[in-house]
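All chains are identified by letter, namely A, B and C, in their written order; residue positions are counted from 1 within each chain.
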Amino acid sequence: MRNLTNQLLLFKKYIHELNSFRAVIQSRCYSRPTSFPDYFQNPIFRKEDQLKLIENNELSKLASVPIKPPAVYETSSVYHDPLVNKVINHVMEEGKKKLARSLVEKAFENIKRIQIERYHLATTPEQKSKIVLNPKEILHTAIENCKPLLQLTPIKRGGITYQVPGPITEKRSLFLAIKWLLEAANEKERTVHFPEQFAWELLDAANNTGKVVKRKQDLHRQCEANRAYAHYRWQ
Amino acid sequence: MSNVIKFSFKHIIPLSRCSYVRTKSTCLLNIKGYSSKAATTDSDVFDNFTDWETLSKTKKISKAMRAYLERAKEHDEFMKKQQFEFSIGKRHLANMMGEDPETFTQKDVDRAIEYLFPSGIYDPAARPLMKPPEEVFPARKAAEFDEAGRPHHFLFYTGKPNFFKLLYDAAENIQFLYKFEDKVIRKKETPYPNQNLDLSNTVWFTKDQLEQHLVEKLTDLEYENFKLVMERLISLPYSYQFKDFIEKFRKTLTSQKFALEIPKPNFDEDGRAYVTTYECLRKKARGDVTIRSPGTGKIIINGKDITYFEDTQSREQVIFPLIFTGMQNKVDVECNIEGGGPSGQSGAIRWGIAWGLRSFVDKNMLEAMQVAGLLTRDHRRRERKKPGQPGARKKPTWKRR
Amino acid sequence: MFTRNFRNICRRYSQSVTFRTTETSPVQQNDNQVGLFYTIEKDVCKKLFGHGGLPKSYMKQTKTFTETTLMIRQPALDVIDCIKASDLNKPAIRYVLYGETGTGKSLTLAHLIHYAHDAGFLIVHVPWVSEWLRRVPRHKEMSNSQTREGFVDLPLDAAAWLLHFKTQNQTLLKCGDLKISKDYVWSKREQTSAGAPLAELVEQGISRVKYACDVIDALVYEIKLLSNNKQCKTFVAVDGYNCFFYPMTRLNTPTKKKVKPEEVTLTTTFMELTKNDWTNGVIVLSVDQIAVPEDHQESYLPKYLLYKKGFEHLDPFVPVEVGRYSEKEFLSCASYYRDRLWLRGPEDLETELKLASACNPYKFMELCAPL
């Protein structure tokens, strides 16, 4: 178990390095299928990305190519985060974006209030500096901690369906992390409101405790247990 | 242009001097010694002899060739007639419009037809048009085989010789580039280090354009194959050597529309510069946006403040171009919109503001706006619901049997 | 003089100081301090607003920021100046605060109540009228009034309000100078005699919930008499006054008939109080769009919200508009939020927030919440 987690952690570090290179292309990770023809390029409207382009002298080349307009939920302000938008989309049901957005914003507000309370209760400056006050950062860390590194695929051999551990793509692991967080938040008592429950889940996940992280660790343990069947993927 | 009607004919005479006569005209050529325009006097002289060999030999033409020749003859006559009618019609049209028939260009013809036959049909291809017959009637291939039935093209039996010749050429070029690269590596020199292919402004031909170019029908799979091969060709180093070959199949995009006609601001009573953009559309919202230059960042929508939009997303969209260009405290915005919902209206205003800000912003920021996509008009509309389906794309439950 | 300029210069350079002021009492605040925040001490806050008076969202903020601060704004200062300058021997002047939703009417009212408390007024404060007339949980305690035919009583609400009144005016009631003028007989065994202190009347109402509404009636009558006799100066504050004039309430009689506001005893009581037939007092009311249901929320102007009856009842009144934040106020609020760790991020984002919230205080607070 420990060996596997160590290997998984090394793997994760490697992927993290790769991700830092991919930071520039992040807008393409969330590029959406639209009815514009193939040769339209994705827009680049964040100030940091544009600065990078100016450094590489590629701005004028891109300016001569047709570019899609940015979507309705994208702005160039610093407060816009593609991950937050993805979470809002997953929370949304029946196309009610306003409601979903207000729920997620209320959850962030709750996180902020809880963290500020903790900040005021903490006595030493060291403790104070450890408390993260920005709810978006907490969301990022929570999702990072919840992303599984392997997944189990059912493969049928000789009449028995084995659960075979296999690799997982970046997109799918992100999707699973958000889905598990929302499922955990929905298993709430009747009197507790969704934003509060979601806030607690996020804080727990950012702390590496709580239901969702446990679920991910269970999955990793299962993968380790079924390691023997890994070769079934290639049979 | 090599695939337009080209008629090559082997004129078999016992005398070997003028072996074959090649013409590009649309005159008919008979099999036996018809005098073509480019015929020399010698052949005329010789034709007057009735040779015993020529009389006895009966030419054997394959049935396919005969059928083709008849069809070609009909087509040529038809095209000639159409050409004649077109030229006369053009002159009549010029007379009707009161213009000089000699200097009546195709553009004038189009204008005249639009004036005389106004049509409310949406599809431009369905409206009345008058164009030279070459454009109207599709091109046909020349004789693919001679009168013995032997095909001219070595890939004739593939059924799409031009297309496969294209692929063959591309493959040959790729092989050549491999060998060239090997040579370069061996010699350890780089010839022409600064040359590069610049294909940023161009796209590959669409399937229809390629079909038109090759005068052959293609399937989707073949078109995808073509694209793959050409992409492979481009991706190799030293591909600039085949620049002509590649550029034959690339279409330039109409670019830089946003920088073409930047309107100059007018001046109103207070002496402030203002620019109005009409026809700001997005989904079903229609409106116009006025930007006044020395301003304080006030935004007025339909007479109300930005509180016209109650939700944060729409307000952020309206503010987006102002913040992006940094002009939030320097201009005033006034707009009237109607129709659509909050998304559509805010999207229309966003485009309107960005389009109007072009006049007040310098060139670098203009390019930055274009890269950000603020200046592209969003032409997406709601997709129509199809019959037999619950929605535009949603299908009823799929049953395997 | 030199030191004051120096202090001002220091203030301009150190961002963290510019949004606060050290004056804690509204009596001493003046125009120099527009846009600055002042802190209300905890006991004063608990005393004045223990049972309501501050909006719920604001109460959450005070908990997060661990302090209760109010911004000094121009409308509040205007009203304070008018009160200071007015002659209390003339009939009571009525001020009506109006404005769009979320511009700070309730908080301005709270500021004025703090001022009244510091200046020694007797405070009669109704925290939110819609609470009585429109908030109907499963079973609302209602009873038919005994003293008046066909009227409806709200005993629990009345008792709660009397408790609120008592906590607000603790000091004044303890002095014991305020005495009742006539006898009140509640039942065979209970009565309050003339000459008893006002506190006893209030106690009577709190302990005997059944008679609470009648107690309030009597209280109002007594207060008017006392003010006319110059024994105390009164400050009346009602938030959401236009709720009294909306045609319907959400209450139902046990016979399932809808109750109109005029049939509720509390309405008549407070309409009596807000008449201008008594001296030595100040009346401040606020009309709010959200006090009425959403069909009738087209405009925020008093004439629309008060309907004909309310407008005629209040006829000579002083309208005071509570507007959105000005530039200076906005910057000061933003720096306060930064200080309290409510808002984070680079400095130039304030322009974005300013445009997006359109300088509406409530909207600004909502926008800063998830950031």
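Keep this in mind: a contact is a pair of C-beta atoms (placed from the backbone, for glycine too) under 8 Å apart; a residue touches a chain by one contact, two chains touch by 3 or more.
Remember, it's a predicted structure, so these values are computed and weren't measured experimentally.
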| query | Among the chain pairs here, which one is joined by the most contacts? | reply | A-B
| field | Centrality ranking, top chain (CA atoms only) | value | A
| field | Rounded Å distance between subunit A and subunit C, as computed from the means of their C-alpha atoms | value | 46
| request: Let me have the rounded angstrom distance from the C-alpha centre of subunit A over to the C-alpha centre of subunit B, please. | output: 43
| query | Taking each chain's centre as the mean of its CA atoms, how far is subunit B from subunit C in angstrom? | reply | 72
| query | Hey, what residues on subunit B touch two or more of the other chains? | reply | 312, 316, 319, 323
| task | Indicate the residues of subunit C shared as contacts by at least two other chains. | result | 352
| field | Touching two or more other chains - residues of subunit A | value | 77
| message | Under the stated contact criterion, what part of subunit A meets subunit B in this complex? | response | 34-36, 39, 43-45, 50, 53, 59-70, 72-73, 75-77, 97-98, 101
| message | Looking at the complex, which residues from subunit C come into contact with subunit A? | response | 60, 63-64, 66, 340-342, 344-346, 349, 352, 369-371
| remark: Per the touch rule above, subunit C residues touching subunit B in the complex are 100, 351-352, 355-356, 358, 360, 367
| message | Could you list, by residue number, the parts of subunit B that touch subunit C in their complex? | response | 297, 299, 305-307, 312, 315-316, 319, 322-323, 328-329
| In their shared complex, at which residues does subunit B touch subunit A? | 200-201, 203, 253, 255-256, 311-313, 316-317, 319-320, 323-324, 343, 346-347, 351, 367-368, 370-374, 376-378, 380, 383
